[in-house]
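Order as written gives the chain letters A, B and C; numbering starts at 1 within each chain.
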């Protein structure tokens, strides 16, 4: 019951040109190494030449300059990986949830659900929520009052949208994410001789522009006074924390387990590796890459790649390294002092020799 | 439809003294830089003097010693930031969820829901749960059997409370947090020549004292035998993991993405930065600050600030640093050896010279 | 109303031999230090000899070679900790959820729920889901279409299982975990002179073998084309991210807050510490231990323990260390150059002296 297309039908929809095997039938995608008959694969780098030559794929997507490397039926295009993504979208159309409101969903009477929307079982939609066309709300989602969700946006099961959140069109929010949670803001105060914390109301919102994806169990906090903003086309992976007042630039990608502290401003087209940590009240310009696991403590004003990582070692070697790092300052000072003493002794000795001469 | 107050009305409720503009109307809060007419802002540090002088705020909260820096209407108090928090609370009263039990909630017949409580749509409250006065249970929450929740405590949507959990008064639990989950405890055993893991039942509870806040998607595990305890006034941010048997001291704040391993005892009034990691079976005294992203491997017996961070660098510079760190031990040994050799040669040469003399 | 057993009854069920006090009644477990009358404790290491001698426990589980250290009634066995785990399981039997489908659950008409299963309030089970015998589905869980769940597996409240997921027998999934979420895969493409991201459909599944445990709010992504696999007996803690196409080997344990990037292959019987981070497209052999908080950037081909951690210091000391690390390359180069210069000067001086002689 899989969809299938000829190479010609594919190029008619997605562009590119077919070279050899215009009628080759494709019904699935696969990697060069694991593809089976009926599958189309892609080739983007000559380091995969061996896999290309032995691939069981029925066709391959390839750059013009690499076309001669294989006799397989092929589609020629400048960006084989992006083309592959689109062929896969063609062959694996998004599941369309059933239209209408499930009888077990709770939708406040103030809301009009547009035709084409799907509200799954056990979803809760509070008062004054505006949905665009073809919005999908998964099972168990909670959409709080005064939120807006744009056309074609999909919320997978068990997403929580706090009050007043604005979500654009064609967004995709994955299970367990929490959007618009109160930011972490407290003022310290002494009362009865004990310091305690006074909560600062978080009255800003979360604004999510179009084509944004947000991963499973990721949390995005609402602004303290102004809004937290995720710009167009940004893609966020799972288990990410975006604190209050942050701004994530357009088309920036952030891998899983990353934390971004309050009021950080991240540029456009940045690539932030998994488990990176970015402190608050700083800014990062466009086109910056942060390596995975790296802590960024200061603003970055120049595009480029930045890293902060301890290299891993066998544990016993690391113990020595750690001891050396712990004593690095006195150790380097001591070496420097000894060299200075040697230089002085040597100069004195040389000078004595001179005098003797 | 905003609430509004004169400066005089504010000080009548919150203390402090008005200097100039006793009748100034305030309807919102704002930062010095972004405040508009009608807003009250705060000034706590002379490094914001420029913003103060150009602020469009209608009034400012300020220390006595800074009062002369502005001609704006002002409230004078010793702790402007905490005062600002309270004014914001006054101007932005907490949303009060509708009283009563939503028809789609499932409440076990064994429970009596006190007047003033709000149980939202799709909430599930199992048997023998005790709620205090004015408790709010958000949509989709699950409260398991034998749990207690104190007066005025708020659970936002989609919170999970496991069986037997005790939650104090005036607590605030945010969406997606899981309280009382089984701790991660297994004993290794050989069976049929293969090592495998035997689960240790987690029979302790989670005890949460009054005025505790717990962030979105944070997880707090129940104790193995005894209880995991979060003391009064502690504030936890999002995506934090507190393992079994931990104790978090009163008024300690923990920023997002932090992990605290089993049986760690954290003191009172500590400040733990985001993405910090604290190993298990150790203790940290009161008034300790842990820098963000820092791994703490040993007990800390003295108040102060502790840090463990690789500084970030442009990637190419870091590559050199990483290579040097990896070879730090042999490198330092080699330098030390060479210096020793030089010292010996020099001593010998000097001694020869002495003899020649 | 606690269960209670004599030592003899315990050994009849679990093996081992009783030495002294065969009729001693046991109704709970406890640590040596905190156990009360009626409790059984365990002793596995002579560093706890003091606690053993003062313990109020009614009996102790102990190795043959340690039996003479105490006069308490005892059970003698080679692995006291694993034995203790099993005694605790005996004394604290797993809560059995009520049989049957709660009236508020939504179960698609295509599904047959076997006898012995428990489907709690507000659970949602979509079409073509196959459940084994004695499966427990907690309140608020969502099980999407075409998933299978094996005999005796337990899903705690608010778990999300995405479509097509395969879960084995005797598994235990904790609240808030999300299994089978789309992996984070995008191809970059230029359109209208702007780079943007094209989503790669994630069409693989998550396959979970028998006896696997998955912690609260942990996320496991489905494969891009092939499957993500968690092998038999693996135990995962809370807030872990397993990216698409990973394979986690049998009986491997992973502590909380760990992230494993796409296509990483982790061996069997590995122990991965909390907040460790493992990059993608690498492999780790069996029996590897990764220290907590350590970032692994390359494949590991040899069993052993691996670490990558900055040691923590008082903040002022760390500031000096950080400055030294940041300038480690030029600093070491400079020391090396100076030593070389000294060696040359010294050689020259010595040679001059020779000539003079």
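Note that in this section contacts are C-beta pairs under 8 Å (C-beta built on N, C-alpha and C of every residue); 3 or more make two chains touch, one makes a residue touch a chain.
Bear in mind that the values here come from a model prediction, so they are computed numbers and not experimental data.
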Rotation in the CA alignment of chain A with chain B, degrees, nearest 5: 120
Give a one-word verdict, same or different, on whether chain A and chain C use largely identical residue numbers at their interface, taking over half shared as same. different
Quick one: chain A and chain C, Cα centre-to-centre, how many Å? 24
Multi-partner residues of chain C (at least 2 other chains): 104, 122, 140, 158, 176, 217, 239, 257, 309-311, 313, 325, 328, 335, 339, 342, 346, 349, 353
Parts of chain B lying in touch with chain C, wherever the complex brings them together: 104, 106, 122, 124, 126, 140, 142, 144, 158, 160, 162-163, 176, 178, 181-182, 184, 186-190, 194-201, 203, 217, 219, 221, 225-226, 239, 241, 243, 257, 259, 261, 277, 279, 289, 291, 294-298, 304-311, 313, 317, 320-321, 324-325, 328, 331, 335, 338-339, 342, 345-346, 349, 352-353, 356
Quick check: in the complex, which residue numbers of chain A touch chain C? 29-31, 34, 79, 81-82, 84-86, 88-89, 91-92, 94-95, 102, 104, 120-122, 138-140, 156-158, 172, 174-176, 211, 213, 215-217, 233, 235, 237-239, 251, 253, 255-257, 269, 274-275, 292-293, 309-315, 318-319, 322, 325-326, 328-329, 332, 335-336, 339, 342-343, 346, 349-350, 353, 357
